[in-house]
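Below is one structure, written out as structure tokens; comments come after it.
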Amino acid sequence: MDGLFYIASAIALVSTFRAVTGSNAVHSLLYLTVSFLASAAVFYSLGAHYIAALEAIIYAGAIMVLFLFVVMMASYGPGRETEEKRVTRPGTWAGPAALAAILLFELVFVLTDRGLVPEEGRALGPKAVGIALFGPYLIGVELASVLLLVGLLGAYHIGRK
Amino acid sequence: MILVWAVVIPLLGGLAAWLSGRLGSAFPRWVSLSALALDLVLLLTLLDGGPAGSRWLAEIRIEWIPVIGAGIHLAADGLSLALALLTAFLGMAAVAASWSGIRERTGFFHLCLMSVIAGVMGAFLSLDLLLFYVFWELMLVPMFFMVAVWGREGRYRAALRFFIFTQAGSLLMLASILGLYFVHGTETGRYSFDYADLLGTPMGLATEFWLMLGFLAAFAVKLPAIPFHTWLPEAHSEAPTGGSVVLAGLLLKTGAYGMIRFLFPLFPDAAATIAPVVHVLAVVGIIYGAVLALGQTDLKRLIAYTSISHMGFVLLGIFAWEGLALNGALVLMVCHGASTGALFIIAGAVEERTHTLDIGRMGGFWSSAPKMGGAALFFALASLGLPGLGNFIGEFLVLLGSFRVNAAAAVFAALGLIASAVYSLWIIQKVFHGPAPPEAGIADIGGREAATLASMAAVLLWLGLFPGPFFERTGIGTAASMPTGSEIEREAVTGVAGRIGREKSGRPPGLARHGAGEGPEEMRGRQQGK
Amino acid sequence: MATVPAEYALGLAAVLFALGLTGVLVRRNMVYVLMSIEVMLNAAGMAFIAAGYRWAEPDGQVMFVFILSLAAAEVSVALAVIFRFFHRTGTLDVDKASSLKG
Amino acid sequence: MSIADFIAVLPILVLTIAAVAATVLAAFRTGHAFNAALAACGFVLALASLAPASKAAPRAVTALFSVDAYSLFFTGLLLGAALAVTLLSYGYNAGREGGLAEFYIVLIIGTLGAIVLASSVHFASFFLGLEILGVSLYVLIAYFLGPHANEASIKYLILAGVASSFLVFGMALVYTELGTMEFSRIAMRAGAGAGPLLFAGLAMITVAAGFKLAAAPFHMWAPDVYEGAPAPVGAFLASVSKGAVAVIILRYFLQTGSFAIGPFFTVFTAIAVASMFAGNILALFQKSVKRTLAYSSVAHIGYILVAFLAGGRPGTVAAGYYLAAYFVSIIGAFGAVALLSGKEKELDSITEYRGLAWQRPWLAGAFTAMLLSLAGMPLTAGFLGKLFVAGAGVGEDLWFLVIALVVNSAISVYYYLRIIIALFSPAYGEAAAPLPGLPLAGSVALGTLTLLLVFLGVYPAPLLSLLEKAAAVF
């Protein structure tokens, strides 16, 4: 299991990096899909099996397809790469990347403060998650459904024009 | 209840005037005038004297926001009453002055005018600091509208500047009020905005000093004292005549009133500490205003600068904090209200007829308008301090009183008097004599204007020739009416009380000797003691 | 159960988050910006999984489900708006969305 | 969950049912008046349901919600604001292109998100409420095909997306450190010893809240979005959206005592001062009324933060009063803009408002009152709000903040007066185009708001007593 974590992490990092820095939208989306699948593997290695499945189905599946759909509709083909080329120059990246790096260093510094040893305990399978979702978080689930409803309504209204 | 009505009547009158404006433009004037007349009569009934044993001629407390210790606490003593009477009186003069000048939106104009008057009236009568602040601000907004809507070309700039200057000062005062509220609350456990509670709040000199500065900022801007005066010439000259009358006659007085009623009694030591600085500012103001007045070509601007000079005398009188000077300051406030108000009315009348305020384009009006010329001469003489008129009494008492405290300041202030003689006579010379421009010849004042000016002249003459009754009934002299919050104040009061006794015996007040006026020494002694 | 330290998972989430943030700040194409936001949200979800892993509680996973519904709702509305923008202006450049000034 | 639990969260349930019912009914019956009336009914019913809910209070409903005097007060305030926005929207929307049914449904859902925030005591409900509100706002901002609507919506959704990510990541860090997401337990466990993870998490949550509140230096989006959004949505953004975030942040920080943590006090002080100055100074240079109001709302967040930092009972009461006063004034101000906007184009440039006072005296009077309240002039609610905030600040010896507040109030007078001067100056000859007729619902709403403004400015006792109860929760 540990091996899975490290390999999946490496894949997630590399593919996310390529996704964010790429200049071809379709390629980037594919990298991003890979990244999400790798994240699913990470979740699996951490014992969150249910989440791993959700990640694969919803993130890597549904959401990415939506992206792809829009990119295709906007005929975002090879001819348009040039306008994104300018932002892939190192000069453009330096400032923001430094900012993000500072944030990252802070977080890593904070994390290395002391070990966070996972507590040994029960497995967190779908059952445990389900019990939590429909127990104490019941209203939260209802609210999440409202959230999806408003997303639906909004996409419907705005997409209609 | 009279006090509540005194504030509410102008407000209701204003609303009624506004509504009646739909019926015809003549209605609002009559409605406002009668409301103010009613108010004046109501206030005059207070002259009979208040309940025995109380230092207030009338007092009323109504619950307002008990949670934070703010109430509607109105009270009048001689000082408040004198100024409240002036307010109603000058309000009527302002209505009369805008009788024919304001032709558009008369209803709304009178609503604004009456709201300003209600605000001023409330400020003179409130004894709750929060309520005082509310009234203090209440006069601001309608005054802003009066300048911005009915003013002359530069009105927006003038209105904005007036509002922002005064508002900045007021906010500092609000911060100080809150500071005082909490200092008092933590000290005594009783949180209150009431003047009576807050008097004599124990606090360190540093705290007292900072809190005092907040009040001083608001009052000095309103007065105005140098260097916070820059809003005044613009606002006065851009405002419509009625607005100028209210502004010069009443709004400036609220600053002086605030100093007498709140600043000194609440922060006696701090006020004594800063007094020498203020003396200098006052003297600079007196001379600066007079000198700049000489250089003006705009009639209203000129009068505005003379106001700065006169208010310098008031400031000097107050910060001398000495019986004679204080009473001088009060007389001067009332007289300045009447004389400057009258000069603005005359300026307005000239403007109405010639459509200009440029002195260079005036001259020789005496031949065509002798009555107006005579009136102008009278008020100009009053303004320069001709003996026999009220302003003289005021200035003389201020100089006499402040001489004991700060001789140098008094001497320099007296120099200002010379300048004021020059500019006053210069106005008359330029406008009413001198070479007449080609289109010379203006209509003389009509009956309405004559009546207004005559009543104002009567006030000046009365105060100049028989000030006794005034001091007896009103003024800072009625010892019983003074708050006893500070030793200094009591010192000043006993001084005046002694003088008043002699005055009743028929001697001119200016020549009366001061009884026990060692107030300032006492102040210094206290300071050194700390 | 796995023996991966929780901070490793959290560290991974932090790196992904930083990558996403860089993307938002640098990219001018709206699709990329939106993708980067998805990366950030996913990273935050991963942090919750790591936290839940640390405490052996399902709450982290529950939060992930909520984050997932947000991601879905947000992306659907956002893509609709972006699509409409593209139709009107013919571009996906964020900098072109700058008629509002002041 | 027991029956009592359901009764306690009745407002939330009522709004959920209203949203679902409106969605379903939209399939059968369309018609602008019907949709708007449905939404208004939903809000009125939710307001009415506060009565039974308050009988059940105080009560913790699952770990996610706490229904207490605090949450009930702010739920009522938010619902009232939403009702006012609905009435103002009705006139504004009438005759516009595109289906209008979704507008009101999304408005209901957005308000639902806001009231979830008002009673939430858990990260999960905090997050969900915020996001329901956020996604609703994306939709509302982009609802009409205005010239700037898309752009405004894109700006908002990018920044809000980043903010959400920060929020969730910060929550995850706090959860990693403390193992709980309930505010009350966070308070307990954080007291035992705050680790660096907790700091990092709180910092990220603060950044996210700063974005949502449009506090400086996270305010850059506000003017563009307010200008691009339809005027009633601007009112909703400035009041309900901002207010709900302020309410939960206040609760979070009061309950977890995070203000007391040294650096956070400094950080919030800096944010407060920066917001006041940035908002007021930038507002001085605006030519658009909506942008001016946007910057003014940035400044108002700065004022509210002064009350937060004062903390304790006086601080909570002051923040509540200020929020209520600010709600009334800002909804009224945007409402006046909404009522004056025609079908084609919003009345936005300050010069377009010239002479309005003579054409539309009542409306201009109401608008003036709102602006004076925002400026903090006495006899309006804004004055007492500012007074209580300054009082809370002075009471805690936060002199630096109080002086900043005073200085900024003086600066702010200028730009409010500029609009007022425009209203009362003579109109440009013939340029004054005929104004659209005033819609009844909106006029009633604006009139009520004006009366409320004066009432709150003159007689604060009833509201104060409610707030005292609300503040007693902590």
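Per-chain residue numbering starts at 1, and chain names A, B, C and D are given in the order in which the chains are listed.
Here, a contact is a pair of C-beta atoms (placed from the backbone, for glycine too) under 8 Å apart; a residue touches a chain by one contact, two chains touch by 3 or more.
In this text the structure is predicted, and so the values were computed from the model without any measurement.
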{"item": "Cα-centroid distance, subunit B relative to subunit C, in whole angstrom", "value": "66"}
{"item": "Centre distance in Å when subunit B and subunit D are each reduced to the mean of their C-alpha atoms", "value": "43"}
{"item": "Inter-chain centre distance, subunit A versus subunit D - centres from mean C-alpha coordinates, in Å", "value": "31"}
{"item": "Rounded Å distance, subunit A centre to subunit C centre (Cα mean)", "value": "6"}
{"item": "Per-residue overlap in subunit D, given as positions that touch at least 2 other chains", "value": "124, 128, 131, 135, 138-139, 142, 145, 173, 176"}
{"item": "Residues of subunit C engaged with two or more neighbouring chains", "value": "6, 10, 17, 20-21, 34, 45, 50, 52, 54-55, 57, 59-60, 62, 66, 70, 73-74, 77, 81-82, 84"}
{"item": "Two or more partner chains touched - positions in subunit B", "value": "none"}
{"item": "Touch-based graph of the chains, sorted into line, ring, star, complete or other", "value": "other"}
{"item": "Which chain pairs touch, all of them", "value": "A-C, A-D, B-D, C-D"}
{"item": "Subunit D contact footprint on subunit B (complex, rising order)", "value": "65-68, 105, 130, 133-134, 137-138, 140-141, 144-145, 148-149, 156, 159-160, 163-164, 167-168, 171-172, 174-175, 178-179, 181-182"}
{"item": "Subunit C to subunit D touching residues, read off their complex", "value": "6, 10, 13, 17, 20-21, 24, 30, 33-34, 37, 40-41, 43-45, 47-48, 50-52, 54-55, 57, 59-60, 62-63, 66-67, 70, 73-74, 77-78, 81-82, 84-85, 88, 94, 97-100, 102"}
{"item": "Residues on subunit C engaged by subunit A in the complex (per definition of touch)", "value": "1-12, 14-23, 25-29, 31-32, 34-36, 38-39, 42, 45-46, 49-50, 52-62, 64-66, 68-77, 79-84, 86, 92-93"}
{"item": "Complex interface listing, subunit A residues touching subunit D", "value": "106-107, 109-111, 113-114, 116, 136-140, 142-144, 146-147, 149-151, 153-154, 156-158, 160-161"}
{"item": "Residues of subunit D touching subunit C in the complex", "value": "123-124, 127-128, 131, 134-135, 138-139, 142, 145, 147-148, 150-155, 157-158, 161-162, 164-165, 168-169, 171-173, 175-176, 179, 181, 223-224, 227-228, 285-288, 291"}
